[in-house]
């Protein structure tokens, strides 16, 4: 290997391998990002999100914000994207999310940056890969944490299978993850005094939803390569499988894979038809990308109301814990579900499911 | 049908059927929308519109506006989109437009909302569908009407063919529609004192156009799925045929249909080559989508100057009534036209025509 | 030819032919353009550019700007686009660039316009085409030149081959072009006092790069029709080969060609992986589009550090002259190069190369 090659490797990078992470390490991510109304417009045009609170300044002011806040999931995707170069640029798979806590709203013109702590490391049995758990925080320009989440990704080991169990000083450490975010972060101001169902397009308030209720969101949306790549670039997420069609031809997938966060945003947008008053995502307790999504797939979604929660000292709002299931090329009229994790093989429904998201939204109560 | 299914249907919707409309009913549409410069940039990038008045703040100020106003057709598409959930979400076809009156300019940061009045209802002979006529208004945040138009759509009946003539209390009522918008709304300030042909790129003022003149706009633009879907989402138009490729496979079209408003915007952009000083659309008197447009089609357009109108007490501007014809995959060097409505069968030219738009633009006169 | 046809041709245009240019002629281009944050967001989403200086207001302020400046290449593409209607709308080929000098930063809300001087004319041997050399300037709203470049394009002659050597009064005049821009324009303020490598994501300062060093940027990005057309429309570049898929079917290419400026922007974005501190492009000395790029192609890039330049009285920054080579569907691990111009036939590597760009970036030195 020549001197020049060494320099080359030192300057550009494919991202970290398993041995590059150490438990407790804190990584300050690059590219703080000022979010503007151009980003917001693109997010809406690429995903179809149009919850009224995030698109109408007058509505937002009427219910107590100083302007339309930036969509919670746009902020999530941006902070996630900021963490990609050090955490998952080299990832084989994004395995899951937990403890996603939306602590504060961001507004146009504000800047967000990210840092991650490595909270778990586990080599897989083959020795070829390991799972890295990180807790990532999004910080505003004052350094206040506005978003926090845990995710875990599978990355290759440098040593490969040959060195099974020998990936250096790393000892296995799987973090204990909460099954739900608690307590929930909710807006401090009273929301329902001037909340307009005319403006949101839905007469359904918190009182109208029931535990166990199932909502088929009916609509389908086909995803194009240009769309998911633009969305993923909007988030500064430069993970190769989403962009490099030439290299992906040589993988078992044979083509680019849609970034999971785009699937989440599309699913969230689909829930508007049935949950238009659920303008605020308070927390994501867990998420699984059960199957990959490709350009050309049409996504559908349905939601089960898993739990209705009243909130202490708040008669203006309530929380709904939701499980939204997104499918590809399969309408959700019969409410397909993944087999339970301990259960048997994937059935046809299981093959069609691309996402299960366990999260909590805030919904105004009647005044 | 279980209780849960009933609830499900109550929360999400495919949109109204013919029996859900009643004559004289006023529908306040949801999702008031603050229009920002991100929306404007996207509109230009998706459609190619670049009339100087709408892209240059200094030019707009020089000719008497306080900044570059938002494109008339972007506002039209947004107000149209706001009306889709209640009017045409379930539509079989968008049949036509009339009396489209642009009453005031909007600026970035302003918010628009929409309401519609049902002004006509007519069951079709099969009993399976009915035509709904609405007059839709776009309102600014002060409640002033800034845009008004009539459109009519074909929607299914709930009863279906079996109940022909029995679709409830509805009695047929076809509204009388004006063949032209009059009087025309025109800018109040004098426009031509500082109007710069250098900046618009055209030396052709109102005086230079003649009744009967035909302009081939020469350029062609191929439409992609990602583009028309992004544009349609930008307008919050969630009508299924534009997005759900999976469901559209089972229709006679076999694929997604491009939203007609995107075709209008593309056609308008094409007219820039030959009409670059026609920066202001004053009214659309009528419009017909003669054939569907699909991704992969290349659109061309030509325009006939149908009428030159001088305007009372205005020697700074004049009006041109235009008929712009857009075709697919067929250049317009020989000025193809639809056969007259009373005429015979569609010929080859007729198959290629996707739009005929009858509208009036304001063009500065020489100073 | 009827009177109407004559009028039609007078109003719309396919652009100029060789005989329409005269040496020394100055052309004031149309459509001054206010650049907003929507344009910037789109640029980032379409190209992947994310150099920290251009995406973070706080970072930009820390290092001495009053906000994040607009990407140099976005400004270049916009000024280029403004010149297209008069210079290259009718071009057979964009042959090259030289003397591209970035004289000042633009900020959101500012307006740019363009003018070109014809500095060279040369009929080609067949008589069917001629090469037009123009020096184009971008001007801000105060009329200050903020960008200057030379480009040359091949356009058809009106006379065609039949009139070889007879294309009117035109005499051949090839301009002498500088092989490099000198002196370089650099920011006046000291840059490195608060420059944060944490924020840019790279620890590599000017001192760390060496003449002759080669950097493989590793990443690949596949280009879609929707993306390059949106980008090209964003720049108001309406050159037919990028948009008219129907007409392009009848050309030897058989399909639309990606605008070369989009290829440059993608290549620049790819260099982020290895050159993240090179936030400022000072000059482009030369550029060649060696092969056309089509939708579906995956672009890769590598860069050679051609020269390290220290700058007079500046110990805070240095310059790096770079040659970035972009390829299609061919990773750059073995650093492919074009054969020298005087050299033999294109080899396989030559077929894969779509761009060679010779340019200078400003990189902070260690504090």
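Of note:
Labels A, B and C are assigned to the chains in the order they are written; within every chain, residues are numbered from 1.
Please note the rule applied: a residue touches a chain if its C-beta (ideal position, glycine included) is under 8 Å from a C-beta of that chain, and two chains touch if they have at least 3 such contacts.
Keep in mind that this is a model prediction, so the values were computed, not measured.
A turn of 120° superposes the CA atoms of chain A on those of chain B, with the angle given to the nearest 5. Shared numbers divided by all numbers used gives the overlap of an interface; between chain B and chain C this overlap falls below half, so the copies present different residues. Taking each chain's centre as the average of its CA atoms, chain B and chain C sit 36 Å apart. Along chain A, residues 36-39, 41-42, 224-227, 230 each make contact with two or more other chains. Against chain C, the residues of chain A that register as touching in their complex are 4, 7-8, 10-14, 28-34, 36-39, 41-42, 85, 109, 111, 113, 141, 224-227, 229-231, 233-234, 236, 238, 240, 243-247, 256.
By the touch criterion stated above, chain A contacts chain B in their complex at residues 36-42, 44-48, 50, 52, 55-59, 68, 198-202, 204, 208-210, 212-222, 224-227, 230, 273-276, 296, 298, 329, 331.
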